[in-house]
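A short write-up of the structure that comes next.
The first chain written gets the first letter, and so on, giving A, B, C, D, E and F; residue counts start at 1 in each chain.
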Amino acid sequence: MLNKKVNYWRIIMRILCINPIGTDAFNGEVLKILENLKLGETKVDCVSLPAGNPLHLEYHSYEAMAVADIVRLTYKASSTHDAVVISCFYDTGLREAREVSGMAVVTAPCQAAIDISGHLGNTFSILVGRRKWIPKIRDNVRLYGREHALSSIRSLDLTIYDFINNPNLTYERLIAEGKKAVEEDGAEVIILGTTGQFGFFQRMQDELGVPVIDAAIAPFKYAEFLADTAKRFGWYPSRICGSEAPPKDEIDAWNLFRN
Amino acid sequence: MLNKKVNYWRIIMRILCINPIGTDAFNGEVLKILENLKLGETKVDCVSLPAGNPLHLEYHSYEAMAVADIVRLTYKASSTHDAVVISCFYDTGLREAREVSGMAVVTAPCQAAIDISGHLGNTFSILVGRRKWIPKIRDNVRLYGREHALSSIRSLDLTIYDFINNPNLTYERLIAEGKKAVEEDGAEVIILGTTGQFGFFQRMQDELGVPVIDAAIAPFKYAEFLADTAKRFGWYPSRICGSEAPPKDEIDAWNLFRN
Amino acid sequence: MLNKKVNYWRIIMRILCINPIGTDAFNGEVLKILENLKLGETKVDCVSLPAGNPLHLEYHSYEAMAVADIVRLTYKASSTHDAVVISCFYDTGLREAREVSGMAVVTAPCQAAIDISGHLGNTFSILVGRRKWIPKIRDNVRLYGREHALSSIRSLDLTIYDFINNPNLTYERLIAEGKKAVEEDGAEVIILGTTGQFGFFQRMQDELGVPVIDAAIAPFKYAEFLADTAKRFGWYPSRICGSEAPPKDEIDAWNLFRN
Amino acid sequence: MLNKKVNYWRIIMRILCINPIGTDAFNGEVLKILENLKLGETKVDCVSLPAGNPLHLEYHSYEAMAVADIVRLTYKASSTHDAVVISCFYDTGLREAREVSGMAVVTAPCQAAIDISGHLGNTFSILVGRRKWIPKIRDNVRLYGREHALSSIRSLDLTIYDFINNPNLTYERLIAEGKKAVEEDGAEVIILGTTGQFGFFQRMQDELGVPVIDAAIAPFKYAEFLADTAKRFGWYPSRICGSEAPPKDEIDAWNLFRN
Amino acid sequence: MLNKKVNYWRIIMRILCINPIGTDAFNGEVLKILENLKLGETKVDCVSLPAGNPLHLEYHSYEAMAVADIVRLTYKASSTHDAVVISCFYDTGLREAREVSGMAVVTAPCQAAIDISGHLGNTFSILVGRRKWIPKIRDNVRLYGREHALSSIRSLDLTIYDFINNPNLTYERLIAEGKKAVEEDGAEVIILGTTGQFGFFQRMQDELGVPVIDAAIAPFKYAEFLADTAKRFGWYPSRICGSEAPPKDEIDAWNLFRN
Amino acid sequence: MLNKKVNYWRIIMRILCINPIGTDAFNGEVLKILENLKLGETKVDCVSLPAGNPLHLEYHSYEAMAVADIVRLTYKASSTHDAVVISCFYDTGLREAREVSGMAVVTAPCQAAIDISGHLGNTFSILVGRRKWIPKIRDNVRLYGREHALSSIRSLDLTIYDFINNPNLTYERLIAEGKKAVEEDGAEVIILGTTGQFGFFQRMQDELGVPVIDAAIAPFKYAEFLADTAKRFGWYPSRICGSEAPPKDEIDAWNLFRN
């Protein structure tokens, strides 16, 4: 009854983590972190976008610049990997990448973190860098259907550069806003609303006493989980209705997704 | 009290219509149509995307390919036009383009048609080419907050090529599904869910006896309306929170949006 | 294909603005303002209700007193005008007037302002005179489907008489509450929740740096826009299902809407 | 601790049933029915609107004609009755009448029937005369917050005159549509969507095997219930925020609600 | 046409109030209170759960311990009573008990209080003992469809033992939080979110000037009301779809609900 | 930065699967299946409820009988296991069991299947045995926030006994209703709405061409996933607000959860 083509005890899952910015400066570090987090059988690759792409995606117009390459990388990964992670809390290009991922599942931080938090507490708050980020994230939460469980989205009033250059200030603000989320807004779970806040979650949950979901880890582990269930049970992405993939001949004729 | 810098009787509105596909084959025809629809003082331009872009946007991965150029064209238009129209019923890149439009308003078919229909009837149905289109359009309707007024989204089971090559069949199906929308689903207004169905709406509304909103006209006239109110009353796009534009120096330093 | 009966460049639009209170004291001033705002081809009329009607509609029971005359005036206007504006932020009698407007479109402040704001920013706040107004306005926002974009409804704690007698205090409060809406509630657009606050919006948007939608202008310009699209494209109000008009013979036999 | 001013065993409740049409032809019959339904201590009065009012409220513009008198009668009843029933399934003027009811509670068919049905089953369907009625009723169900429990609104395709002149056909259609509501739509409770269908509910529930809520009885009994709890426990209508009543001196000065 | 089997003037209603805790210490007092509140013809019984059950239901796992006996008592009551009240503001076991109540209606505090409040004001706030209670109550309000009318749920930061042992502190906090609910949150009605706060509502409404719904009285009077309409009009609980009762033979064979 | 107490490559996860019925007849078979599905390091136990519990949970009153033992078993498992699975598609006792699970995560079929389906397609349909099941499942889908993605809940009109005794008929109906869900309702993913349909999903997805989520596998693999992330990252269940556990001394004093 179960999938005969796999050895259930040792399924190898190849996961591609897309860091959707135009520099590979962080790939090594990210890879090292993910290597440490993965199941034994998982193979991880980490890739960023070609030079010329924006160096962060804080603006939606920057996302627009990056999304074509996210789709291209996903399309390519459809024949080499079992899962793809888009590492931006806006879940940039998630719908678009999923369409061309073939049998590979695609995950992204916001959806993955929200799903996980739904099993750990009744409510959650998201901590973001700046107020700029709130409306799109709120719309995403609404699309995923969890706005009724969203206690708040709180801004740290810090840029991505602040995260990198001033980790102490960042941590201080994370604790301050996280505390308010818990005490004033009624959040039972905290979600870090950026992949650039990696490394803080465990200190935070020790200090705040609630689970703090990291935006880099959540979609990676979720991807690993879904790659596993895909291979074991055939739970590959649907390919009908809105999930229908573009026709191969048109892709080839128009030379799309190559570059 | 009112804006002193304009002559209220004769405001000139320059509108850029972006046909977000990689061919300029239809620009002439579209321009001719729009010239016929515009207010006297309006100046219309029509532009398509550079070659290499997809020839239609039926797939979301195709949208991903096109959105960078939509943003680039909008950014450029921010210094030459008063309004930009993105002519694809998925409202492709609407959020992203709005961010860089400066003082120009940006419109798109689905949002504009839904707004108009809300003043003409209690409910509406959208007629789309294929079932493929439904989930994203339904999500958009939900984001715009009108899912409670959506009677149905009905598929004609026709491709964009069918629309072009077989207008008779297209019209037949439009009438058949439009009739079902009215009689079975309770739609008071019909919205044509593609800019490729232009030219049918008036025959349809004569035959069906309900208003039929055309997806090419609606966002164009809405853009003209908003350009007018922007200039008269200063109702330009908000530039705070989620609508904050990227910083000029970063755009320049990274050479973004230049093409 | 397009409506042959109109000259597209110079459509004359006759708009009736109903000031739904029992005094004509403000009609002249309103008319002067609207004359200044209109497109060149538009003809504006301004009418108030017969004496005996309430002098403001702050209470819903007062609305109940006024709504019959709003319907009567709209019914009469159906043969003389192309659009009708009901100038009260409760959108008093909008559903009822639309039913008898024939081919004329009917607009009202709350719906029009919300539609416009949806193209200028992700979120909006409404500034109202007193807390009294909030529940009905909130219900209207919900009926229009935009409660997810409503940052707040803030009360100035001022009566309509205060607006008239104490414009300085009114402006001060508008700025104070508008600032809180922007800074604390995350509003990207401000909507003035009363037609009696006319004259403040431009100073406010200069000072607050966000678009401020005036409740008298928005429905008037929206009416003009819809009258234009109605005549050009036949986008007249639907007359089926919930929008079905009462039968002419019954109206005549019962002598309704005359007075 | 409890209200000292009443004898808990024999509270006299005076209920005014407003039949909001311009004829008293049915008042006698309605009164006879209600006398039969009431608790022993209840006193019932039945009143219709002055001549000149519409003879039915199928159209929203007719409601607009009737609502001033509904408010007037309620205002008058505030000093003579403990509860007021507005007997039209559109719940015409409910918000407006509640504002001036003083210490009297006001009920109406749709809200009362929905509340009751929520204790008898998970879902409900409403049977209405014509499709015309559906959009406003659906909006009301949404305002009351029960659209998620609404299985369907089904039209009998009968006018109010058909109800009166052709009870056999009416009953036949009620059973046919009620059966479909139960079997196809999953309704556990049926609500009759008009006060003009009185007399059918018991035969229907015998035949269909589900509770069938009558639109004339439900708001009357609910009014009686609320009048009782008001007197016993002081649960009178709130008079703050949106429920604030108009000031007495303004009502008097403007000679409102008199007629 | 009406139910021939009952005397409409003097329907005897037998109501069972289940105090879902494992002690009968409060039954006498509760019974005395309810005797004072009931209609003349009503017979009241009060029962608690067998020893070994939790002494309060503040925790959901405690509810889980108690629900079997709630169902057993309701099943037994289906042949002896006309209505059952489950006296816990979590509405513990409401769905489950309703399934086996036969022709008896079942009510519970949260649903009943919300229904009543919907006729007295536009909005309501619930005052609860501790933050612990909020998520489940909020979910219940959402299931009942009234989250859009919920101004706030405010915690007194008091345990059930505090309610009993320190009524003065309890009252003080009730007034303090009730005042904030009215003044800051916009609540027009206050609902006491625990049956353990009985006795405070009338002083509170005198002091706050808004209706304060007591959580013990509301479901009892609602039960009495529904028992009356059930007997008069046959509005007994639906027994189809989700409300279908378990088969008698299975209950007997498995010896369920016997204790 | 990461949890120092675990070896990331070989975390041992002990999972308890609760089959919430009063017979251990199926435990052996279920255990064998789960052994085949698990990761290498996972230890699985399978337990059913004590005799006297219902043999199925089709009725909500049966759930009420079973929930105390579900909580007891979970409480006990909190010191022996890392995750608990409640194997009933009603997600019986999920909130209640989570409260006492300590550091163990608790999963259930409906929530887990819905989460997974959200990464595989835009929409889903649930196939259930009988219409009886629909309202509670629909309410659960609504509580989880995914009703906007629910294409339909379709009934097979088969009892749990039919599933066991007539697998051919069961499969036939699954395919027939699954096909309608895909073709008529627009479902991109199918969810099997009962743990008693195990064994069909792979044949179904081969035949239907869409992912078919099995209700026994989904929560088990999800539990394994969450147990892994709990141990690695400290993402244990929140224990504040609504997730606060009952106090140990009260549990002991009252001898709760002991059996």
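In this text, a residue touches a chain if its C-beta (ideal position, glycine included) is under 8 Å from a C-beta of that chain, and two chains touch if they have at least 3 such contacts.
Not measured: the values here are computed from a predicted model.
Although chain B and chain C share one sequence, what matters here is the overlap of their interface residues, and that overlap exceeds half of the numbers used.
Chain E is reached from chain D by a rotation of 180°, derived from superposing Cα atoms (nearest 5). Interface comparison, C-E versus A-F: the higher number of contacting C-beta pairs is recorded for A-F.
Each chain gets one centre point, the mean of its Cα atoms, and the points for chain A and chain E are 44 Å apart. As a whole-number value, the distance joining the C-alpha centres of chain A and chain D reads 52 Å.
The distance from the centre of chain A to the centre of chain B, each centre being the mean of the chain's C-alpha atoms, comes to 30 Å.
Each of residues 122-123, 131, 134-135, 139, 142, 147-148, 186, 188, 240-243 in chain F touches at least two other chains.
Taken as a contact graph, the chains fit none of the simple arrangements: neither line, ring, star nor complete graph.
Interface note: chains touch in the pairs A-B, A-C, A-E, A-F, B-C, B-D, B-F, C-D, C-E, D-E, D-F, E-F.
By the touch criterion stated above, chain D contacts chain F in their complex at residues 122-123, 148, 186, 188.
Residue ranges on chain B touching chain A, taken from their complex, read 52, 54-55, 58-65, 67-68, 70-71, 75, 93, 95-97, 99-100, 131-136, 139, 142-143, 240-246, 254-257. Of all the residues in chain C, the ones that touch chain E in their complex are 131, 134-135, 139, 142, 147. By the touch criterion stated above, chain D contacts chain E in their complex at residues 1-3, 8-10, 36-37, 39-40, 105-107, 111, 115-116, 118-123, 144-149, 182, 186, 188-189, 199, 201-203, 205-206, 209-211, 213-214, 217, 221-222, 225-226, 228-229, 232-243.
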